[in-house]
Structure formats: C-alpha cells, structure tokens
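See below for the structure under consideration.
Every chain is named by a letter (A, B, C and D) in the order it is written, and numbering of its residues begins at 1.
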Amino acid sequence: MLKVGIVGGTGYTGVELLRLLAAHPQVELAVITSRSEAGMAVSDMFPNLRGHVSLKFTAPDTQALTACDVVFFATPNGTAMQTVPELLRAGVRVIDLAADYRLRDRNEWEKWYGMTHASPDYLEQAVYGLPEVHRAAVRDARLIANPGCYPTAVQLGWLPLLEAELIETSHLIADCKSGVSGAGRKAEVGILLCEASESFKAYGVSGHRHLPEIRQGLTAMAKTPVGLTFVPHLTPMIRGIHATLYAKLKRTDVDLQKLFECRYTDEPFVDVLPMGGLPETRSVRGSNMCRIAVHRPQGGDTVVVLSVIDNLVKGAAGQAVHNLNIMFGLPETLGLTGIALSP
Amino acid sequence: MLKVGIVGGTGYTGVELLRLLAAHPQVELAVITSRSEAGMAVSDMFPNLRGHVSLKFTAPDTQALTACDVVFFATPNGTAMQTVPELLRAGVRVIDLAADYRLRDRNEWEKWYGMTHASPDYLEQAVYGLPEVHRAAVRDARLIANPGCYPTAVQLGWLPLLEAELIETSHLIADCKSGVSGAGRKAEVGILLCEASESFKAYGVSGHRHLPEIRQGLTAMAKTPVGLTFVPHLTPMIRGIHATLYAKLKRTDVDLQKLFECRYTDEPFVDVLPMGGLPETRSVRGSNMCRIAVHRPQGGDTVVVLSVIDNLVKGAAGQAVHNLNIMFGLPETLGLTGIALSP
Amino acid sequence: MLKVGIVGGTGYTGVELLRLLAAHPQVELAVITSRSEAGMAVSDMFPNLRGHVSLKFTAPDTQALTACDVVFFATPNGTAMQTVPELLRAGVRVIDLAADYRLRDRNEWEKWYGMTHASPDYLEQAVYGLPEVHRAAVRDARLIANPGCYPTAVQLGWLPLLEAELIETSHLIADCKSGVSGAGRKAEVGILLCEASESFKAYGVSGHRHLPEIRQGLTAMAKTPVGLTFVPHLTPMIRGIHATLYAKLKRTDVDLQKLFECRYTDEPFVDVLPMGGLPETRSVRGSNMCRIAVHRPQGGDTVVVLSVIDNLVKGAAGQAVHNLNIMFGLPETLGLTGIALSP
Amino acid sequence: MLKVGIVGGTGYTGVELLRLLAAHPQVELAVITSRSEAGMAVSDMFPNLRGHVSLKFTAPDTQALTACDVVFFATPNGTAMQTVPELLRAGVRVIDLAADYRLRDRNEWEKWYGMTHASPDYLEQAVYGLPEVHRAAVRDARLIANPGCYPTAVQLGWLPLLEAELIETSHLIADCKSGVSGAGRKAEVGILLCEASESFKAYGVSGHRHLPEIRQGLTAMAKTPVGLTFVPHLTPMIRGIHATLYAKLKRTDVDLQKLFECRYTDEPFVDVLPMGGLPETRSVRGSNMCRIAVHRPQGGDTVVVLSVIDNLVKGAAGQAVHNLNIMFGLPETLGLTGIALSP
C-alpha cells in the first residue's frame, strides 16, 4: 500500500482525486490538507464521499506529508512550487496537478503566470506527465507536472500527425470547448448557473495559459516551432472537453485512420473511433479515456481531428493516478477502469 | 461466476445494468437480446461501454436464456410476463426491472397497466425486491419484481415512521421530482432537450402507475390501508429522484433522527444524513445509495422526509444487482461500491 | 412620461426591470444607481441591453432620485428602509422589490430578517402589491411592498379556495420549486453551474423568509391563522417557480374549475388552465403571467393546485411594473404584453 | 394590416414566427396550416401563446392562402417547392424559411437535398434574404429564400473581410456550435434531454447541407470560389449559435475593428462589440440581433471572428420578419425590437 497525501483537496480536481484514490486498491489515503477547511470532515464538504472517505482536512503540515510515499498537489497555481523542493529532498515523490512545473522555460512561465517562480531549478527535472509521450521518463520521475486539460486533449489529437510529419505546422488551429468545471470551484459570478447555462461563449482568445503549454508539447513532437491558434470556449455542461483540431495536410495519400489506430494500439486510455466516428464528451464522463476520431472532410487537404476527454479525469485527476501507477510499477489501469456514466 | 442474460438492453435501465454488470467480479455477461437491434454491437449503441462490453445484441432466444443462471428483464411493461414462466420452469432465476410482477392484486394490475396479465399465477410468488423490507424473501426468491424508482424513494422515506406507527396514514402526501431518464429512452417530443430543459412541470396528477405500487407497500408497512396523494414532477436533469414526503405526526415526543438512524444502521445502501441535512440528488449520481433526512419544521406536528436516489441505480439497475447478490449469497455490496460522480 | 429611478440595478431583478422598463412606452429611465459599479455603462454589465439602455450606473444620490416620479428598489433586504422615508417625504412614490415592507408585524420582520427595522412606521402604510388581492389599495399607494416570488405563486394558487372557505387551514402544504435565479446574482459556490445543475435539493426546510410572508397573506384571505408547511427546492434551471399546493377539502361538491375561472376571469395576468391542465414553467418564461391548474386526484378530498410563474417577472420585476401601471392610472398591461419565450 | 398565412407552424421555427407575428403591429394572422394538427388550437400546442393567438391549425388549403398578402413556409425541406409557384401566380408573396430556394444551382440542390426539385425555375428568381447583403433585391422580391441559421452567422462574420479582400479564401474554417433547437421539434432519440444535455459533439463533419449554402454566399462576396471547412457541433442548450471563424490575413496593417464597425454601422441587427469583445449567445436569446467580435490573437496573421445569433430568430423567424418589413416598405425593426432575455 502506498501512503498518499493530498495538498489542497477542496476543488473539483481534489474531490475527483479523492473519488479515484478512495477506490484504488494500492492506495492508503493518509493526509489531506486545506488551510481554510482544517478540521472539517472531507465528506461534509463532498457528500458523495460519505461512507468512502473518513479523513478530515488538516492544516498544511510538511511533516505529515514527508511521511507519505507520494503527494498530490491539487492547489492553485503557484502553491506547489513553494513546498515541492522540501518534499523531494525528503524522498517523497510529487505529482503536481497545477501548472507550476509544466513549462520548461522559466521566462515563459513567469510571463504567463505573472509571478516569480519559487523553485525554477526543478522546471528542468520535472517530467511532463503525458504517458502516451513520456512513459519512460514518468517511470523514473520524482516530480510529475501533470498536464492541463486542454493540452491533454489537443496533444493526443495531433500526436500521430506530427510524429509522422504529415501536417503543415505554421497554421494549426485548435478550437476547444470545455465544461464549466474546468474553471474550478470558485465563487465567481461568471460561472454561476444563471450566467453559464443556456449560453455559449469563447474566452481567452487573446491568450490563454494553456497556449504555451500546448505549443511546447507540439513543438517537441514536430521538432520545429509550431504556429498555433487556440480558442477555448465555455460550454453549458459540467464535465467534458471537446477539441476540434484543424490542420493542412502535406500529403493526402496516407491512411489516417490506420495511422491513428497504430499509434494508439497499445495505449489503455486512448480509443480511436472507427472511420467516421463522432465522439461525444458524455462517452468519457467520469472515465480516464480519451476518444479520438480523424476526418478529412470532402476528401480535401484539411484534416479535422475530434478529441474528447473528461477534463477532471484524463484532463486532471485520472491522468495523475495513471502517472502514479507508472511511477510505482503498478498495472497502469489500476483503479482507473471505471466505465463512463451515461446517460 | 454467474452466467447472466439480459432481455431488452437498449433502454437507459439496460445500459446502466450493463455498466454495473460489466464491472461485477462474479458475473459473466452471456447474452443480451434486442429484437430491433439484433446483430449490433452493444458498444456501438452505447459508446461508454467500448472496451468493456464486447457482446452483440441477439434476437430473443429462450434457449440461450435458459442456459443462464439468472436473467434480467429490462423490457417495457408487459413483455417479461410472456416468457418468465418458461424460464422459471427451466430453473433460471429472474429479476424483472419492469412492473409485470410488482402488484399482488391482478385486477389492480390490469386496471393500471391496461392489459390482461399473461402469467397472473406468478403475481403471488414473485418477491418484491426492496431488500430493506424483504431481504429474507429475496434470499429464496426465484422471481424478483424489482421496485419502481418513485416507489423505492418513497417507501424508504416512510418506512421507519410507518413501522413505528408514528404518522396518520389517511392523508400522506408524496411530492416527487424525477430526472428525465425516468421516462426512458424513447423518441417522444415531450422529453426532447428543447421541451424538458429549462422548465419544470407536474404530470400524472390524476393517476400514475407507481401510485398503486407505493400504496401497496405503505399499506403493508402500516398494516392498514393508507390514503396517499402522489404527484410526480419532471425535472430538467438526467438522473435523480427527490421525494419530499409530508405526514402528520401522532406524537411529537419521539426522536425521529434516532428512529431513522437505528432502522437503517445495518443497511449498506441507506444513508441517514445528520440532523438538518438536505440531500442533493447529485450526491447519489451513479451510486446505489439512498440518502434520507428527516425534518420537523418549526417543531410542529408535520414531519417532512427528504429521500434521494439515482433513479437508474437504486431505483432500477443497482437495486436489481443488489437483489442478485442477495439471491446468490454474495456479499451484498459486490459490484455496487462505485462512488457517486460529483460534480 | 414617468421619470423613473432604480436603486441597485446590478442583480437579476434589476436587469429584468431594465428590460421591461426600457420597452415601456410611458417610462423614461432617468437614473440607476449602484455603489459598486458607478460609472459603468449598464449595457457593459448586461450586453442584452446594448442598443436599448444607454444609462450608466451612478453612485446613490438622493437628489437625483427625488427628481423622479417613482423609484424602484432592487436592492438587498435592509437597504430600501434607510432611504424610503426621505423619498416619500419628497413626494416620490416607491416600489420596493425587496422584503423591507412586506410584513406588517415589526417583531416578526426583525426576527426573520435579523436586523432592526429602520423605518418601522411605514410597515403599516405600505401596500402589499399583489394586484389580484389589493388592487384598490395599490391605486392610492405611495409605497408598494412588491411580493416575493414564492409568495406570489402560492397566494394566487390558494386565493379562490380560501376566499370560498373550502379548505381546512390547519395543515396547508406548499411544496415549491424555484429556478436558480431566485437566489440572485451573487458569487456563491452553492449556485455555481457545477453545483446546481444536474441536481435537485430542498433548502430552508426549517424556516425560509417567505414563510411568514405567505402565512400573513393566507391568514388575511382565510380570516383565521393558517398552519403552513412550506418547503422550497432548488431546481436546475434559470427561471421559473412551480408551486404544488396540497390542502384537505371541507366539501367535495363544489366545481373547483369554475371557482378558479370565475375568480380570475378579469385578471389580465392569471390564466386558469382547462380541466386537467399541467402548467409548465417555460410557458411563462419572460412573461408576467401566472398559470394555474386545479386538481382533485382520484376524486378524493385532497385538492392539488399547480401554480407557475417566472420568478423574475410575475415574481418580481413584472409585478412591480404592473403595480406602477395601476398606481399611475395606466392600462394595466402596458409594457407587459411580451409573450413567453418557448422553447 | 398585412394578411399573413403560415404553412406548417408546428415546429420551433413556426412557434417563434407566431410569437413575433402575434406582436407585430402591422400583421393580421389569417391562417396557419398543419396537416397533422388540423382542428387543434395553436395555443393548445404552444401554451406560451395562450391569450395571444386564437387561431386553430387548418388543413393545407391553397384558397385560404391565396387570400393572404404574404405566406411564410415553416415546413420541412421539399414542401414549399410544391405550392410556391401557385401562390406566386396568385400574386401572393412568399417567404420560405426552409431550404427549397436557397441554392441557385439546381444540381447542387438536388445532390445535397436528395430529391428532384419541383419548381427549379424559381431558384433563379428567388432572392436570398440576407438583408445585410441583398437589401435592395429583397425590397422587390416576390419570393424570399430565408437563410439558414449557420449560414447567417457565418456569412455576417466574414462579410467585411471578404468584401475588403483581406483574407485568403482557400482554407477558411468555420467551427460552429448550435443549440439543440436547430435540430427541430422532431421525435428523435439523439436530441432527447438525456442524450444531448451534459454532452458535446460534432456532427455532419463529412458534409452538412449548410455547407453549399455558405459556400455560395462566401463565393459571391469574395468573387472567387472559396475553400471552406465547416464543422457544426451540437451544444447542450436550447437556443443560440456561436460561429468561430478562422482565416489567414493577407495583410496585417488594417484596422479590423474599424472595418467591421463601418460595414455594419447602419445595420439595425448587427452589433459589433468593442475591441476584445466576447459575445455570448444568451446576449441575443429571443432577439433578432447578431453580435460580432473580431480578434487577431497574439497579433499574428490569423483573424478570428466570433459571431452569435439566436438560431430561431436572426437565424430563422426574426430574419423572415425583417424580410417582410423590407418587402412591404415598413420600418425595418417593426415588431423586432424585443430585448434578449437574460439571464
């Protein structure tokens, strides 16, 4: 049994992590911290966990955390970077679900996140935890930067095409739609039911923090800097991301369906739909699966990839558990075989 | 391993049953029939099951079913009653998720369901599968009439009060709200997203088929005929039932909280909330739990019970699996420990 | 043209009032105040008003308000009572959409609202603006206490029965369901889309501020104190209230349908549905109509009334404009003939 | 007063047309036909119209229609083309909200709509009723082909850029999202609340009927054939279209904001948001407005246009009434000044 700690478990990523870890056969939930809710039973805040999680939130306490085998950070950006070095030095492994270690370039990070990085030396050694790309590195990692939700859906959608050098990389377009849980569990007017339901809008068009993260990943795949337009949209639902990806093909004589199927044939959490497929976000609700379909409308030279995930699972907590499994040599799908809830 | 067959798996109850059974460690899904969809892969109809269920729908075929240990009927009302006798004679156990065997009184059944009962002799021997009331009988049952969704939420809400003879039974009021999945997966205008979302309405006020079922159950608990007003409402969400139950107390000197906690202390799927609790349907979404709170507003002589379930799980497929576990001597919670998905 | 001022126009009641008043042919919007948003164009906060309202929010300023013929308060409870006396003394008429003047009993008000009333002398002279009951008094009123949303739906539902002394008043039950906009435009976690959609729950069971308001109104109609159990529920939609009202009939030989039709025959904003009707909240979305149906399930002695309104219109801004029309001798339906938006 | 007939008023376009025409000061609703619902009161089918529309559906009857000044067709594709010639010969003007006369090329039409055109001679003389482009022709039109919903949002979004020859036309990308009402009021499983809410998906990727319509319009604006990728998505809400349009700029030295503002300065139903604007579909719910914002992310050479409409109003019934006003020399905004309902 792995002793697991969670820092900051009061958001949607936190409760989803708790849901998954509470059912994980090799995990013992040892400690969960929250500065604001210390003393409260976790299941009082999240009644779905009644009978499954008996822990109480405790005040942040490094000693309790260093007694763990692994600590997850489900904190706002800029928190993990304060404590992570100490935990690593104590031999604890860390999986950060926030963005603190996702960008390798410190300047880029400080520009997009608007603060000075507290432990920039670790940017280099952190492993970007997208298992389909970095599995080997994850195995040996001490510090995982768990990918963002949009970056997960987008990178998995373009990976086969970029690796095969099939698309022009100067004008990539990622039109992405996210459920409202992607905005977190924060008391903000814009994500009230009365504001965000029965409506649809774009946001962050001039620049979203996931843009440099996606660009970094695509550039590595393409082995050349890519030109990317990324437009996220707020969608009136709780969970789910749908990425619609557009690129110009360099050649049209390749069997794209086969390409995708081959690339992902051994991946437990990527499902390539049959030719002509149209993935629905609900088909992955609550599950760690990414479902992908590839299209070439009217047989032209534009390739359209449709990629869906549950932003809280494959886009956050589920991928974090996947990384945990890989890091500790467990079967990759352990604790992650839950079937999507539909309808 | 139990060999399990499902008759009629193309509705919401069916897909939910498949989700639960596919993950059940003692179940082997042997056959699933659908007249209309024979030949189609189950996971083509329900993409959430891709990678979990490899069966195809087959045409109804008694021989394949008699090779099973147990057969679930997830068919429209009036279908199971045609085939059940033959299966029972062949030694197969049956769990009917439809209403064919829920009422013990044949005339009552025929009046409410508007057809002649095809196997009325079995009305008497069918066991009404509400484990919290009929556990012993379920253990020995060959034929289970799995309770309806509203009846489950309502009966569990009033059970402790009726058993303790604490409420006047002449004017019971059950104001119930159901998500739209309760109406089934049928191509009907009234349950289109554009008709049923962003709106709320009552229906079946003059008489709903669950009324006699609830009345039968309450009458047995009260050991006297009850007067019941039951008003169901269509609620703009997919899953969930919330029953708000009103009754007049005969005495106000009883600790109702304690009464409920004691009655359900050993029940794995009934959770009595702490004093003052307000159960949300989402706290049971996808889980087999019924959460209940009991209130006495302003300390008066009216008791208000709030009872929530997921209509597709505790109100249908989950309760059916619970009955399966009891019938075959398995741990009651086997395959039913999934945590509710929230948010 | 009436010069109209609005105090506190940044909530949902405020924007709805603006929508109605901007289209009212006898109204000139002169001033709208907001302490927090002073200087901001109203249509920057509410883009649906672009091209229709060119005002900016200004800081609260009694002088500007006293230049108006009438001032609407769309403020939190406890605000209007500070300023209203001064405005009244200046000859301005006031319509308060908050609860400051709804209860005639000062002690009752201070108990439920948890503060000392700043202008208790006006509790007596304020007119409770439910036109169907108090039309004559509204005509001459200087100060209108505009009814709450639940109280409007509930009182209109029981009015004919209480006036005719047809129901027992000791155990009235009002099971009410409201869209989330009833909770206002506040940054609170509980009304986030991810918390309040796809879920249903009761709240305020132990005591809701609309309880004394409803009780006061029903008691006046019944000419005797009534016993009322009132349970409000949060419903996953933006607008709409559905009240399901239960009472025991003293006599069952009265034509209830006729009773309701006669009582409301001249009311422009109450629509009695034909026998057996099941009003949907969407049938009044955006309109000032209250639609009502009366049922006697199974011909028993329990009468069930279904009453629906749009909480922001007939339950707030629309009723306020109705009161304005009556106070100033305008046609009652002026500016209120908009048809409900459906689907 | 114009005598107006409606053919086929039982869908969402029909009820919206009724809502608008019932409030139009220069319109007398004379006849509304429906083969299936003949004899039924319109307000029995659409309770929001109770008290506003007293007509009953009548069986289709050319004589009643020829007594009208103008007839709207809100019928499925392929119906209007049967009757329109006869009405035109009788001197009646026609506004077809279906697609029968939208494409000028008969072969193209027959290919996409899968049937033989019954009155192909009229394809040439029909005026495509996008007032912002064809106002002069609309004035003199006898037969209006009212634009589709996606085509309206997309064409208005690209119009200024194409007229100014600022974008490369070989790889235009239109990523569009529509509420479910765009699919019509049909009993189909795919648009049930339980299927289409809490989920998001693309559809028609390989080819949607609005593709040739959009391409025809853009080609006319560009005066050269355009290459267009059009991907529509089903969005979990009732009303609203959001078009996100991507194109490569030929030059980046043009003030795009000014370009859009100038082009639409005199248009009553196109609202260009201030720089950086992010239009929400709810800001046009129930109104005839199209709100547009133009962006150049990170100052690059990709222009992103965001264009929102209410698919049932500006995308259907409202635009039809706008065309009516123009055809009959009425003020263009008559009956179309309703403010969007928000929240």
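Heads up, the rule we're going with is that a contact is a pair of C-beta atoms (placed from the backbone, for glycine too) under 8 Å apart; a residue touches a chain by one contact, two chains touch by 3 or more.
Please read all numbers here as calculations on a predicted model, not as lab measurements.
Engineer: Would you mind checking which chain's C-alpha centre is most distant from the centre of subunit D?
Structural biologist: B
Engineer: Tell me which of B-D and A-D has more C-beta pairs in contact.
Structural biologist: Higher C-beta contact count between the two pairs: A-D.
Engineer: Measuring centre to centre with CA averages, how many angstrom lie between subunit B and subunit D?
Structural biologist: About 45 Å separates the centre of subunit B from that of subunit D.
Engineer: Let me have the rounded angstrom distance from the C-alpha centre of subunit A over to the C-alpha centre of subunit B, please.
Structural biologist: Whole-Å distance between the two chain centres: 37.
Engineer: Nearest whole angstrom, what separates the Cα centre of subunit A from the Cα centre of subunit D?
Structural biologist: For subunit A versus subunit D, the centre distance works out to 39 Å.
Engineer: Residue numbers in subunit B touching 2 or more other chains?
Structural biologist: In subunit B, residues 12, 181, 185, 194-195, 197-198, 236-239, 279-280, 282, 285, 343 touch at least two other chains, as defined above.
Engineer: Give every residue of subunit B touching subunit A within the complex, in rising order.
Structural biologist: Spelled out, the residues of subunit B in touch with subunit A are 12, 15, 19, 22-23, 46-52, 181, 185, 198, 238-239, 271, 273, 279-280, 282-287, 289, 291, 337-343.
Engineer: Write out the stretch or stretches of subunit C touching subunit A in their complex.
Structural biologist: 12, 180-181, 185-189, 191-198, 236-238
Engineer: Give every residue of subunit D touching subunit A within the complex, in rising order.
Structural biologist: These residues of subunit D touch subunit A: 171, 173, 175, 177, 179, 194-195, 197-203, 205-207, 227, 229-231, 233, 235-240, 242, 244, 246, 248, 276, 278-282, 285, 295, 297-298, 300, 302, 304, 306, 308, 343.
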